[in-house]
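Consider the two complexes below, in which chain A is the common component and chain B and chain C are the respective partners.
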Partner chain A sequence: MADFTLIAEPPLKGVDHNFGDTRLYAPDDLAIVSIALPLGAEDATLQAVKSGFGADLPAPGQSVMGNDDTRLVRLGPDQAFAIFTRATPDAEPHVQSLLKGAAYTTDQTDVWTGLMLDGPLARTALERICPIDLHPDAFAEGAAARTVMEHLGVLIIRTGPDAFLLLSASSSAGSFLHAVETSLVNVT
Partner chain B sequence: MIIDHPLLGPRDAAEFVYLGDAALIDRPDWQAADAMEQFHSYGYLRDNPAGQHQELWYHEQGDRSWLVVTRNTLTHEITAVELARDVARKRGRGK
Partner chain C sequence: MTQKNRIKGGLIDRSKEIKFRFNDKWFRGHPGDTLASALLANGQLLMGRSFKYHRPRGVFTDGSEEPNALVHLRDGAYQEPNTRATMVELFEGLNATSQNHRGTLEYDLLAVNDFFSPFLSAGFYYKTFMWPKAFWEKLYEPVIRSAAGLGRLSMKDDPDTYDKGFLHCDLLVIGAGPSGLMAALTAARSGARVILADEDFRPGGRLNCETLELGGMSGTDWAAQTADELASMDNVRLMPRTTVYGAYDHGIYGALERCTDHLADGGDKPRQILWRIYSRRAVLAAGATERPIAFGNNDRPGIMLAGAVRSYANRYAATPGKHVAVFTNNDDGWRTAADLVAKGIEVPVVVDSRDTPAPIDLPGVRHVAGEAVMNTIGRKGVKSITLTNGKVIPVDALAVSGGWNPNVHLTCHQRGRPTWRDDLCAFVPGGDLPVGMAVAGAANGAMTLAAALAEGQAQATAQLDALGIKAKATDLPQAEDEPRGAAAFWHVKQSKHRAWVDLQNDVTVKDIKLANTEGFRSVELLKRYTTMGMATDQGKTSNIAGLAILAEERGKTIPEVGTTIFRPPYTPVPIGALAGRARGKDFRPYRLTPSHKWAEQNGASFVTVGNWLRAEWYTRPGEQGWRDSVDREALTARTSVGICDVTTLGKIDIQGKDAGAFLDKVYANTFSTLKVGRVRYGLMLREDGICYDDGTTARLDENHFVMTTTTANAVTVFRRLEFARQCLWPDMDVHLISTTDGWAQFAVAGPKSRDLLRKVIDAEHDLSNEAFPFMACGHVTVCGGKPARLFRISFSGEMAYEIAVPARFGNSMMAVLNEAGAEFDAAPYGTEALGVMRIEKGHCTGNELNGQTTAHNIRLGKMVSQKKECIGQVLAQRPEMVREDAVRLVGFRPVDRDKKLIAGSHFLNKQAPADMEHDQGWMTSAAYSPNLGHHIGLGFIKSGHERMGEIVRAVSPVHGTEMEVEIVSAHFVDPEGERLRG
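Presenting the complex of A and B:
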């Protein structure tokens, strides 16, 4: 019998386009793990996050960088994402080993697709499709928001003055790429 | 219409889904003697005020939180937005 080897591949793997000085690309080996704070044990979880990642879980709508370039995003009172780079398919056990059972963790790597938008046109392109106010005064570096762009749910995180990480459902990755690309073409 | 989410700040109403009267939080006791009567009004009977109305909104295209929004049905003015969780706890819900 033939011996098959399956290779996990993100839906937008290899996407890398330049629009003037602005670059739109799919980050390699993006890993996402959700962290749910158990009801009544929130304080213990926050403590575990601090010792596991070396950073306090921020307020909802904010993100911070922890150890090993792990970005901790607080999505709501009892939910957070850990976003990091990992080539091996063991993101969830990795996070669970850091938290030592203090939170419910679920691997989200394959259900989301990531796009990085970096450059002077980033905000101009996004303001056409993103209902969130992206002015630095309202959406500073580290700010994160779940919202909707072109009817697709998106988690947007400002990772730099002109850099945004956009996460959307992998099942509609092609449509999402099309939406962002179209907006970029329209402002280039 | 803009809903000022208590945690996330102002968000467009397009991110939300409307459910209805916030009285749905007050689920009757199923063991009460008149439970049948109470569940009938809980399930079917609603006030339809022209003015202040407390209603449940779900932030589906956002953080998936349930909100209690106090809205004037005549002017659409929103005077208060609270997490449904906090409202339920204030009304004596355990979790």
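Presenting the complex of A and C:
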């Protein structure tokens, strides 16, 4: 058998631009695994999450940091994401082993593409595309929401006072980057 | 030209000079000027021509209500028509040209229309251009269109950029006049999140135009100080140059911010931003608009609203002339006289329609009480006025005040109807306001400064209270209640000459009377018949006078006659701003398949499928047209192996203890019995029994399925499944998540597909027919341990697989598959070859599952299991749905094999006439089959399955084609399905 090698080419790999003091970049090796809480066994799953990640699953619309810089985002009563850094394409078995079979897991890594927006212009830029209120009183650190920006579904998470992680579908990565970049250009 | 009408004072910066052009003539002005004020200061009163009669017109107002002074602004592709000179901030090098004239502004050839005015009354077009009917489209309309209209478009692409955005606040204050500033200050000091928007570039509203004092300082200074305080607060967003143009549902307002329109060079930043403002509460403090009085020849340049004359004098240090008469029916008009006198302008006369003593003592100013102006003389500028007592007074300008109308527009945007207030002779906001809106100040009929301030504070306090925010006590600045007495006096009956009501549409008193005489008596009909209140100003200065005259004619009161109401936008919004960034390729998002880059490098041509760009074929050197490529690709897949990126098909990960039972409910056929490691074709019905979607679903584990949907329905099927699990069967343990973008999936089809995959899939996986038969699925690894999923399914009808790898490897996987396939002469194929092969196999796509067809029609009726319940099962059994003579899916081939079949053709029996009554069905899909060497088609025809071999006609009146076709099996290639099991 001939040796064939597969090369990983995430759609926004290497994107890293500065707009004044604000940085827009695609985080390397972002891994995402969805966690679904089985009906009737939620308590056991929550317990498994706590032992697996060292953090309680937060309320829907919130996120917390667990072990190994894993961000746990609660998207709904029975759905959460674990977001962490992992280069190899085995994020789902990794989470599954941490949870010891207490939840249904699905690899979401390649479904999404991520952009970090960090700096004083972040909120001003997002005003141009993000319909939800990002004022710290309304969307504090750790808050997460699924919304739509320029017709693209986006999961937005506030990771710091001026820092946001945006996740959108990987197939429309070009449009997504364009939307965020244009916003930054327009406010710089 | 010198600024001969520039006077002392004003809020302009005389230390800097700005050069600008109007009709190719250079003028000078100062920062703080508008184009209108600078032209006035330069003595250029003539600024445009009227819409219909091409009468000379000058600026009439000082704000966004301007009906006359509309210009083309900027050059070339940047040119914008119908720009109100009153709203254009002066900048260095500004270039404006007047519009609506043939020849020069001074000598307009179409001014001839004015002489024909007796023929051009309301309804002229309707009455005149009725016959011959054929002339309308070819002759009348083009001629009228070329002569009429306001500005002209550049007819080039707009080179400016625009943006949109979203803002949120506790309190939106609309208007930064005294009332709005007070409301914003009250809310801001109380800690609320406040947005204060105003269309002007300088906050203050009328405070900047008047000489009123408040809090012991000038109104202007108080406004500036208050605006500064607001600007310094973190919880306030001060938005000058921003027009809130619409009040929409749930406290959402539309606003247009003009970002760079006031700059000579706007740079590359967006010119305008269209904001969507989400407010919890709003205070409308939009002020009031002055209205004119109609009298003979009241449209000449130099005749202006009194408040505007005052504004030009006080704020812009400009006057329309040195001898300015005043004609008023109210106390406020007298302020113009007083302010002009204070500026050293001669006021030869104040004509007050009321026979009452002067409200202000103005030494040296003649007061004519109980009379009116009935005519004016002067072609390109007023030279004299004639009073009803016969006196002729030479003037070079006339300030007219007919009272003030509250700006109720935004209160009407959700069909709120204003109510009449006799004491103001004006409409004020009715009780039915948009949710969360309160109105304050002049917009609410609080016409004096002290009242406006108090109301701004009170409304803000009440709004904060409703939000649970306690308003901090803020002292009201000391201000006076200036005299505002007014009389209902709309037009001068003694006038023999044309008296304009709507300057922008050239509607006169006579037109309104004529409309009434001819039966157009409702205000809505009056508007449409005369065009009063239409076009860019939407009748801001004219509507009330028009209603009053109609009421008078009908012998009724104004409230009895009623009023038209307003819709968004309050002032014009450029289409460019509404489009925002959504232009060209950014009109909507695009989605790329994982192998897009490889496809681009290998000759692919792309087709849009929804938002996706899919390779439709891959051109190879020497191929003359798309058919060459497609035929080759389809033949390659049937004789060797072809590779197609099928990532776009929807993928839904379904997990849970009840996943199998759930699928039984959403699919017409059964899935709970599917063995782990197997795939099944599934058909989904709508509730009414019509086919909804189809695809394959694989069982990867006892509680784990992966469903595929059609590309088109990926989102809607997911949504439907979520609805089913959350709302229909919340007791089932089922969890869904989309993985469409997560897996790059490739069809590898053809007799050599297994050989190819053996080179890519790691050796420990047994691909033999026994170990991995048709409809098998499972996890494998490829290229040395990379995770993958393998499905033995076939859309082409060949022995075929679909292999999925994490999307990040997709581009590389496409390259690897083609490289590995080189020894078999493998070829990538696109959507066209995919289509050809599925037609050859009689497989359905959207053409067949078009939302009108049933399982019975597509001859899969037996798939609708009667052993279990599923969505659509009951209604699919309705007698009409399962009738024996229903159309059924079959194949077609042309009797003359050289003929090309056309999808969309209808079938008719041999001798039948071509009408709907004899319609037998229709052709859904057609293609040239390179395997058969002729065209083939799929289609629905009545009882098709029982008519094999019958010849019918395929007729397309759209294409003008008719041919004989033979009904055959829909399975043109390998009807027994031996290949795919091989």
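Simple rule for what comes next: the second predicted complex is superposed on the first by the 186 of 188 C-alpha atoms of A that agree within 3 Å, B and C clash if a C-alpha of one lies under 4 Å from a C-alpha of the other, contacts with A are read in each partner's own complex, and residues count from 1 in each chain.
Note that a residue touches a chain if its C-beta (ideal position, glycine included) is under 8 Å from a C-beta of that chain, and two chains touch if they have at least 3 such contacts.
Just so you know, these numbers come straight off a predicted model, no measurement behind them.
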| item | value |
| --- | --- |
| Touching partner for A:T109 - first (chain B), second (chain C), both, neither | second |
| Partner chain(s) touched by A:Q79 [first = chain B, second = chain C, both, neither] | both |
| Chain A: partner with more touched residues, chain B or chain C | C |
| Contacts of A:A87 with chain B and chain C, given as first, second, both or neither | neither |
| Which of chain B and chain C A:L39 touches, first, second, both or neither | both |
| Which of chain B and chain C A:P131 touches, first, second, both or neither | both |
| Intersection of the chain A residues that touch chain B with those that touch chain C | 39, 79, 131-132 |
| Residue ranges of chain C in contact with chain A within the complex | 161, 163-168, 193, 268-270, 273, 276, 278, 581, 586, 588-594, 597, 611-612, 647, 653, 655-657, 703-704, 731-733, 735, 737-743, 758-760, 763, 782-784, 786-787, 805-813, 816, 819-820 |
| Complex contact set, residues of chain A against chain B | 39, 59-61, 75-77, 79, 131-132, 145-148, 153 |
| In the complex, chain B residues that touch chain A | 7-9, 11-12, 14-15, 61-65, 83, 85, 95 |
| Sites on chain A touched by chain C in the complex | 1-11, 34, 36, 38-40, 78-79, 89-90, 104, 106-112, 127-133, 135, 138, 150-152, 169-176, 178, 182-183, 185-186 |
